[in-house]
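What follows is a set of structures to go through.
Both of the next two complexes hold subunit A, though its partner changes from subunit B to subunit C.
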Partner chain A sequence: MSDSIVFDPRVLRAPHPVPGAPDNWKRFFGFNTDAKVIGIQYIVLSLFFLLVGGLLAMIIRGELITPPSDLVDPTVYNGLYTMHGTVMLFLFLFPILNGLNNLLIPPMIGAPDMAFPRLNAAAFWLVPVFGVLLMASFFVPGGPSSSGWWAYPPVSTQNPLGHLVNGQFLWILAVAISGVSSIMGAINFTTTILRMRAPGMTFFRMPIFCWTAAAAQTIQLIGLPSLTGGAIMLLFDLSFGTSFFKPEGGGDPMLYQHFFWFYSHPAVYVMVLPVFGIFSELLPVYARKPLFGYKVVAVASFGITFLGLIVWVHHMFYSGTPQWMRNLFMVTTMLIAVPTGIKVFAWLGTLWRGKLRLATPMLFCLGGIVNFIFAGITGVMLATVPIDIHVGNTYFVVGHFHYVIFCTITLGVFAAIYHWFPKFTGRMYYEGLGQLHFWITFVGSALNFLPMHWSGLMGMPRRVASYDPEFALANVLASLGAFLLGVAMIPFLLNMVSSWARGPRAPANPWNAIGLEWLLPSPPPAENFEHDVPTVIAGPYGYGLGEPLVADQDRFIARSEEA
Partner chain B sequence: MTTAHPPASAPAAEHSHGGYNLTGFIIFLCSESIIFLAFFAGFTVLKLSSPVWLPEGVEGLEVRMPFINTVILVSSSFVAVLAEKALHRRALWSFRGWWLLTMLMGAYFVYGQYVEWSELAFGLGSGVFGSTFYLLTGFHGLHVITGILLMGLMLLRSFRPGNYNGGEAGVASVSLFWHFVDVIWIILFLLIYVWQRH
Partner chain C sequence: MTPTFQRPSRPSAIGLLLIAAGLLLNLLISLAMARASHGWLPVQASSAAPHVDGLFALETGIGTFIFLGCLSVIAWTLLFNRAPRYDLVDGDPIEGNLRLEITWTVLPFVLVMLIAAHTIRVNHTLATLGGKERVAENGAAPALTASDRAAGTSFGPIEVIARQWSWEFVYPNGVRSTELHLPLDLRADLRLTSMDVLHSFYVPAFRLKQDLVPGSVIRYALTPTREGRYRLRDAMFSGGYFATNQTDVVVEASETFDAWLTAAARQPLVEAPNLAVEMHRKRLADGDHGWATVPPAPPPRVNVTTAVDAPHEA
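Right after this comes the complex of A and B.
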């Protein structure tokens, strides 16, 4: 290190009495370009929207606890499930994963910040903008969009009241802004990973979380423009008299389905890939073993990216697609079980004969993996054309989807929040509350989503406010599960708020984990390693091998602990 | 700046400026091209499957003026390269001249597009033909206007002393964007104006 300017690290890490200092909470409410502040902004905002989406879900389940439509008007019900899906995807899951990306990627690769800090902050501040837009659609004449989160035409091109600003209009606008924000994020994350790695950190020494983030953001870059294109056309059809998707003007409603699913199927991989990364990061820490098959797991991420982009028609098996197309996409969809299967196999290989420590993050990890295996099996079932045509648009699909999106992804996100909470807040969480949160969530999710497979196989259609009494038992169970999931948020929020405010101080490396982020103090200083970036000399999961991760490791450990 | 990390002596404020801008911009262009790809695919599918294509009373599109427009837009890309080369030699005034000429050629293209639009006998609501025509040319035109504005910004910045000490990533990015807009137009021209038979 031939520095021309000499920094005293203690000066840099001393609390600054200026905006940007760790104790200054006001920075979370302004345009801040620090990736760690933006990460926390993303996570806190998306947890707020988790509560909003969860409230909508509980109203839906309250309606469905009895067969007749009695709690809300069926028209309102349509708006409720549309907004539930939209809020959960665009305002909870995407932002919270971007929050984790912001917190984790720079320290994991030894970068001081993201490649484009101002772009990063702008991408974040678009989230509250479209959040407000979407919430405002509850108050416009005609209510919010009621066409489901797919917004298929012709339903989504109806504007019976004739107002220019209607629920559907605001919905499309919100989704388009969300797309712009995601593309800004994707450019930032990929550039950061490509260009800002620490010396010695080759691609095959990079933590799996960064691999999966790169794979996921590649999907954003390739897939998202297709949805944006489709959304622009839909907006014109709805408001400006074009006929892209209107058969009466020569258009084709199926075209929208292609645009929509070309992105929205891989979008599930955008969300699940980072969670695969989280599982791969956490299992070695809590099993005290190197990740089994590191290189294969890393490359499999991009196998999922590639295959994920050529499976979208499996959502349209019952939309009148030609048989050759169905066969082709059935095969590609089934193929995707191979790279995901490799990952599951690697996780099991990592657990095998490990010294398991069942702390809260590990519990969420194991719960998520068990649920994911189940979701994967029903996924392969749904990939089969005859089964899909039988159960398509029933609660079987709803159950499968929620097993992926909630029981796997959200559990994985909780695992990550608990695991990295001490690192980024500098405080320990309360283990007892964490475990309580896990068990209520795990039982609640099974109770909520498992019976949906049963009622779906029996033929209960999705998106209905009333149903045949023969499905009553499954729905009562599901509703109880949903309320239990609502209860589960109480210990979680209590834990987060009280631990952050007055939890015990966290050491630099409370889990005895390997990784560049654990060589930083808790919480890390504004620019992570500043100019004294360690040189990486080994792969990321050397548990039990006794080899150092970076050159001169003892100095970095000592420095992180003295802070 | 070709290493994976900026040199250790880079001041803290310059972390964001490294050589990352061009990388980020190329990634953005790749992503942006997919929107056009989606529009092209949509156009092709609709054209092949729609039972009626041209609206009543419309014979087809006039090709002569758009062709002249195309030639001007495509040659402006070469002028932009001349500007870039001049900048590379640090011949600032030569750069500004070529750069301004590129902008003017782009502006002429937009003007030609405006004249063409105002003389057409069909509108946005004239079935799927009108919808696709205006969406594709309009979305492309928006990119041309964006390109001209970005070039104007670069032109203004060239008067700032020491502007190119940190490299020419800005000009390189805008130039790349201009080539991109050109290539998109060539595909668009072939699809909309050359392939007129239904």
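Right after this comes the complex of A and C.
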């Protein structure tokens, strides 16, 4: 059986656009059902919105570099920080992680595509729709939504100008459409993982990234209906005179907070779980060792899913929540430290006595893990009711949140982009620019988000456009860090664009990694393994064990190199 | 492709000694950090503050120990486990260690449960939050209950009224002010009401924060323990001029406070200066540029207005 079945050359010339075909680029601008095309569409679009959200952040930091409100009007400031949060969450992080899901899940489990390719494409095309809607809200009379990304009523339903179409209205529509898109994605990802694995790939032979993706998408399926329901009630309160959340009509503003946080706290786990998956995938590759305690790490993902769904009231400790409820939700929140701790210790165990190679993806992983340990510690502090009552709604929370969302999740996403860049573009990136990107990002993020903890402890509330002069030093440092993060995008974009256009051709397995996706050519053909799907015979991280991952592995390696 | 590695030998006595020394050093640094953590917080001006700071110091210490411990492992691997250039050999295929995995599941579990149990005790001690009652249909606040007036050990109730964007305080003798005066070492009973949107009563020096929810009156109690002037900040985003919604709390000895209260009752009611109103007026004068906002509520008419530019301690 050593004669390899090469990829059908007709595939490369088929009308279904595949890598290498003429007019290859056009497929990225149409309704394409190929998961790899959709993945790249998601990633490129969300990187564009990273720049938009980053620009908003830099205006915010420009305002906050001095104590008085002197750069923009306070009402404009409120709109800017609201849109910064909304864009970064709904148009950068969720889409870019869905992009990685699309790129990685099918090849990792040996599937030709997602379970529902048309649903997949439809879910993607909803992103530019609500992206345009959200950007359009900058231009309606009265400006965009200015009630924060939580959109707590009654501020969010005040509608000062009284127009039917206002920034808040468009914001709610955008969030609702984003929810629909995410639910479509979640159905697709979970079905694909459950039903389309290669022969021999049992759950406990599945890469951790697929485990974490499944755990995260389960949260989407359970939690999103709550947010979408809350958003629709808010829309009715805002525009059609109902009073779900209006005290004067018998409603209760606290009800919205429950709807909102029941989804929006676990939403952070939706974003961080795949990044845990990325760390767990990359550390074995760059430490040349199996993942320490694979099964426990895999199962811990669902521990986080379960606990993540029962902690939401910790956002409401100072909202008039009775003492027994505070105690209960403090305990559940603190328990999350256990499954996440298991993962962190497993990563350290993976590094121990390894053979570390500090390529760019590994640097981003290590930076992300160090930051995450810090964020986890401040997270336990925030779970502690009396501490939360002091620092809740201050810059301490902003600092903690950005340590999770930027310093961990975004660094993990960068690690993934560099690691799988050769696989899906067929080109190598430039290592020097990658390392430069890492160091500017790592230093900039510490400078930006570490001083926020300090100003929060001293009592600076979040969301203020002006502040007392005693907070000036922390804010100057944070602003300098933010501008540095802006600078960090230059080597990154330069690297991505020039490498994709002119980079050296990538071999099938440049990192000498184990995994089904590395048995495919770079870039993989439209339907991955086509009709010749390998049979998995071993666990996913057999570094140093000398066992093949799939039956007849040499044939698949030869085939991937010939293509 | 046969795995060629040897089981790591048992750690030597010197190795164990080095690890013990490292742990001891880590412990000392963690203790120092826990002690230093008090310096990152404002002055303690309420009976709640020492409890909050104690918990924070405890968690700073534990957190530092864990953080440095993990960081040392990473630093060790970076120093001693780097692959030489062009070395493509795999590391030791260690796939796990059941005993270690059970340890690092059980230990954190026990640790966080101990912290939680301790915190529940502290919560019980603090007990600042009283009942929360929905406002009656006609918008009138519920009548004072016996517990509001109970015991001579407390002062109040003081009505705390928040608006977009002003604070107003009404004392039992009818005095109104825009800065909050409290007698030292006496439990102050507050009744928190919001006239429009969510606000939050936050005094960093007290380490206390409580949201004001429109449609409800929330009973709240705190005991100031240090004389001085502290900032009171609205901590729940309340729209357009949110950042201006700050005032001062003045804690003074009982006699000074009583004298102030009697003197204040003789002051005429005047319209309090209000930064949000000023900024909004300026905005209208400049052509109403900027994004939409509800206009600020008219400033409250009070006996005592906030001292301008009086230095605050925290």
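By our rule, the second predicted complex is superposed on the first by the 540 of 563 C-alpha atoms of A that agree within 3 Å, B and C clash if a C-alpha of one lies under 4 Å from a C-alpha of the other, contacts with A are read in each partner's own complex, and residues count from 1 in each chain.
FYI, a residue touches a chain if its C-beta (ideal position, glycine included) is under 8 Å from a C-beta of that chain, and two chains touch if they have at least 3 such contacts.
The shown structure was predicted, so the numbers you read here are calculated from the model rather than taken from an experiment.
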item: Touching partner for A:230 - first (subunit B), second (subunit C), both, neither; value: first
item: Partner touching more residues of subunit A, whether subunit B or subunit C; value: C
item: Partner chain in contact with A:252 - subunit B first, subunit C second, else both or neither; value: both
item: Partner chain in contact with A:531 - subunit B first, subunit C second, else both or neither; value: first
item: Contacts of A:374 with subunit B and subunit C, given as first, second, both or neither; value: second
item: Partner chain(s) touched by A:242 [first = subunit B, second = subunit C, both, neither]; value: first
item: Partner chain(s) touched by A:557 [first = subunit B, second = subunit C, both, neither]; value: neither
item: Subunit B versus subunit C as contact partner of A:122, first or second or both or neither; value: neither
item: Footprint overlap on subunit A, where subunit B in one structure and subunit C in the other make contact; value: 252
item: Residues of subunit C that touch subunit A when the two form their complex; value: 1-3, 5, 8, 40-42, 48, 51-52, 55-56, 59-60, 63, 66-67, 70-71, 73-74, 77-78, 81-83, 87-97, 100-101, 104-105, 108-109, 112-113, 115-116, 119-120, 122-124, 126-127, 129, 132, 134-135, 196-198, 200, 202, 204-205, 207-211, 213-216, 218, 231, 233-244, 246, 279, 283, 289-294, 312, 314
item: Subunit C-facing residues of subunit A, complex; value: 69, 72-76, 78-79, 141-144, 146-148, 152, 154-155, 158, 160-161, 166-167, 247-248, 252-254, 287-296, 318-320, 322-323, 326-327, 330-331, 334-335, 337-338, 341-342, 344-346, 348-349, 351-358, 366, 369-370, 373-374, 377-378, 380-381, 384-387, 389-390, 392-394, 454, 457-459, 461-468, 512, 542-546
item: Subunit A partner contacts - residues on subunit B that touch it in the complex; value: 3-5, 8-12, 15-16, 18-20, 23-24, 27-28, 30-35, 37-39, 42, 45-46, 49-53, 124-125, 127-132, 134-135, 139
item: For the subunit A and subunit B complex, residues of the former touching the latter; value: 1-5, 110-113, 115-119, 183, 186-188, 190-191, 194-199, 201, 221-226, 228-230, 232-233, 236, 240-244, 249-252, 255, 259, 262, 527, 530-533
